[in-house]
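Provided herewith is a single structure, encoded as structure tokens, for subsequent inquiry.
We call the chains A, B and C, going by the order they appear; numbering starts again at 1 in every chain.
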Amino acid sequence: MNPFEYAPALESTKIVQVKDHYGLFINGKFVAPKSGKYFPTINPATEKKLSDIALANSADVDLAVKSARAAYIKVWSKMPPAERGKYLFRIARILQERAREFAVLETLDNGKPIRESRDTDIPLAAAHFFYHAGWADKLQYSGNGTGPKPYGVVGQIIPWNFPMLMLAWKIAPALATGNTVVLKPAETTSLTALLFADVCLQAGLPAGVVNIITGEGATGAALVNHPGIDKIAFTGSTEVGKLIATSIAGSKKAVTLELGGKAANIIYDDAAIDEAVEGIVNGIFFNQGHVCCAGSRLLVQENIQDEVLTKLKNRMALIRVGNPLDKNTDLGAINSAAQLAKIKELSSAGDAEGAERWSPPCILPNEGFWFAPTIFTGVSQSHRIAREEIFGPVLSVLTFRTPQEAIEKANNTPYGLSAGVWTEKGSKILWTASKLRAGVIWANTFNKFDPASPFGGYKESGWGREGGKHGLSAYLKASN
Amino acid sequence: MIVDSTENSLRAFLKTLPAVDEVGAHARAGMLATRSIKTTSKSWAIDMAISMIDLTTLEGADTPGKVTGLCAKAVRPDAMDPTVPSVGAVCVYNDMVGIARKKLDEIGGKSIPVAAVATAFPSGRASFAVKAQDTMDAINAGAAEIDMVIDRGAFLSGRYGEVFDEIVRIKELCGTHAHLKVILETGELVTLDNVRKASYLAMLAGADFIKTSTGKVTPAATAPVVLVMLEAVRDYYAMTKIRIGVKPAGGIRNTKDAIKQLVLVNEIAGSEWLTPQFFRIGASALLNDLLLQRMKMRDGYYESPSYVTLD
Amino acid sequence: MATNSSNRIDVQKTYKLFIGGAFPRSESGRVYPIKDFKGMHLANPALASRKDLRDAVVAARAAFPVWSSATAYNRGQILYRMAEILEGRSAQFVDEISALEGVSSRIAQAMVKESVDLLAWYAGWCDKISALDGATNSVSGPFYNFTIPEPIGVVAIFVGAKSSLLNFVGAIASVISSGNTAIVVASEKFPLPAITFAECMATSDLPPGVVNVLTGLASELAPWTASHMDIDAIDATGLTPKLLKEVRLAGVGNLKRIRVPVDIKSPKRILDFMETKTVWHPIGI
């Protein structure tokens, strides 16, 4: 019995006023959906309803796109770039002011631990607006020609794993480059996007520059297929990404896609072992493993396998699973019943295919969607759990003998979003990085994000980059 | 045998230790510093921290009056509240040991050991004969704990055998009379890799405790340093089944700092170390802040420093 | 600015130097009178001495490790905060500029707004300048080779006299955005907005010593600056050709980088006060 049991340290929810229901944010105000239909959004940690969210149909989408177009033509395209930037600076500052409110709301709607929304999601979201505010009047220096032009109206569809952060990754560069936006948040996590609408109002952002339309898959499809959209940005599964690419093929629409991954986290025998173990844990258990770039395949050099697994298991026993509002929680709730079912299904496949499952002892709450942190050892390349994206707190452990073998195994996937490399030998970091077919490579660290650092994948992990100088070109038509 | 105490054997072993990634270690320590310790766990932690304090005075200006006052505080930290535990030890220079021991015995502090700094503390720059005499003076005067310093000059110039031998010989002098804490002076070692190496050197040579600092050099007991030392004792236990203690000293000034240290112990080494037998905190001003926080938990409002004694 | 009733006497402002985050008088005790454009006495700002300059250099050098190791994002936040503070204190600057330059308050207002915008513009460069100037270089051989721009160190700035505020603000922002620390000598004609802007800097979370402001004579301060061996670079915009030549000669002692940047608003101005470092590392197992 550990005498030092941490008592509950709950973050208060008083700072947030969740409305009973929300309309669609179109042309600077909230309006009821034309169908009059709403759908519930719940707290995945308790399964209790938080609010009713408007279900936008194609008529609503049409109105939003038209508002964005009008705002583009009449206001936003005429505005001096420095003034555009100032709106983004204002938004960044207001997000910083209201950071706690956003963090609590994000945790309620998404299920992620308050520590993560407070220390990672929200600060990074504000930083993205701050960073892109500075680009608005400097686009001629961004490598896109001397007079790059925006596309016009962009349609953006974001996932449920980092709702507010993904919103920032989409809206900040779009606005900075002079586009106007129609954004559809994920159906299970719309609340922080709707609160963001209030930030736009507080910042005085002209009506129609940002429009937020909530809904389900059909809403997204309506947005993608709307003829008034010049460019689409999508983050989500590879499956849906391919559907989008299919539906716009042959049209004039530009598109960027940020899709799935099955990243290899390579631990060489000369790694700083304790920090590498921390990197493994961070790589797959951060955000409940709901991360496209998660280090979901541990590739550990065979000669240190036992040492690493012993330390890893001891470390996993310290992971605190529970109430996301508790400041000491490390692993929160799985975002939805559907996602939990998928994780369970793939884990059962792991069992069936002969891999060995291990989780530390864990008391999971009765209500809500939960999955204990899990590792599978004895995994081979052909197992489903080595090939398919689980998108949960499940790590598949494979081994390698030589650096060349590590590369072969790491690259042996249709995905190519990210990878991790752990070694104290500099030349080996650079060699490994040069051989890995992945868009983001973390050496001696993992899951680090920054607005200045371009993010995106090779192969079936998508098209294009977000963040940094490179991320701007997604939203600009180059000149000269 | 892990090493055979020759220079080559030591050097070879130390080379096999994995490196510490500084950024990663800082990140882990930083994450553990966000643990929010409230209500019952906070009360427990405050009392545990009090019982782990090596209440310290190490000034050139120390007098019998100063030391006896400290001893009174050590036995009864809060004059108005007898439920407050006594501290873990009283820590003084060796010529004050006799005075401290006598006073403690007189006022009901028989169970509180006197720890003495020794071996030409704080610099460690003296002949071995002087260091040995320093140690024996303390033991003969009644010290049950010896806090020695390693020879940092020898360590930084690669003479690991010398560092090792000194610790072995001082440990011999301690015999069954005293337990030995070995001060690494991590502020002078600078890198976390050195902290790891020095920790192992001390443990292999027979240290009962590894201690961060003399308190005379900053930085002292920073979280990443303590983290690396806790990893060392954890891994050493896994290798040898010998449990060695850790003592951070210097820079731990308030309750928040102390609780952060206990969280580190809890999550890096494990709850087996959460006892004065295996974790001590070298401090002086910390005690009063712990008392103020304890009063706040008890009474529900913040106290003023006027309500704790300055001894 | 306080509204005056007919009986009320203003509490007049004393204009001191800004060194190490504090506002000391000149150690020499010297001041010089500044009149408004109508010839009315305005104030007695300090006439900085060689020792004041020396103290400013010490402060700037001490602040350099802290400021240059702050993240670019953090520096950008602080520069943006300076813009926020300046915007909030516009009225005070409008009064000073009108009085000194003899322009209408409408024009003075526009000048202040332009200065605010210029600060925000430079704030946005902090975390982007390395994307502009840095590079990975395709060398022949199994080597990773990259070039990074770095701040030079301590920069002395002689502000031009074209305007009372804009040049001052732009010169500072361009130099410190990359992590340099600065000693700024305000133009002789316009010391007052410089010191009032120092008050903005003092309340913007800017670490003490990052910017130090001296008021006084360029003819005295320039030669002393040029021969000071712990100053790494000089922005000589505000110097006469004669002084510039003197400074170039005396600056040879430690090969100071002496620049006369042209545009007040250009990333080139930032790069003028940066060094580049190129690193090689083998690629192999």
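As a working rule, a contact is a pair of C-beta atoms (placed from the backbone, for glycine too) under 8 Å apart; a residue touches a chain by one contact, two chains touch by 3 or more.
In this text the structure is predicted, and so the values were computed from the model without any measurement.
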Centroid-based (C-alpha) most distant chain relative to subunit B:
C
Most central chain by CA mean?
A
Cα centroid separation between subunit B and subunit C, in whole Å?
48
Counting only Cα atoms for the centres, state how far subunit A is from subunit C in Å.
41
With chain centres taken as the means of their Cα atoms, state the distance from subunit A to subunit B in Å.
44
Applying the document's contact rule, which stretches of subunit B touch subunit A when the two form their complex?
18-21, 23-25, 27-28, 34-42, 44-45, 48, 231, 262, 266-267, 271, 274
Parts of subunit A lying in touch with subunit C, wherever the complex brings them together
82, 85-86, 89, 127, 130-131, 133-138, 141, 403, 426-428, 430-432, 434, 451-452, 468-469
Please output the residues of subunit C touching subunit A within their complex, sorted ascending.
72-73, 76-77, 80, 117, 120-121, 123-128, 131-132, 144, 267, 281-285
Considering only the defined contacts, which subunit A positions touch subunit B in the complex?
2-9, 115, 119, 270-275, 278-279, 318, 327-328, 424, 444-445
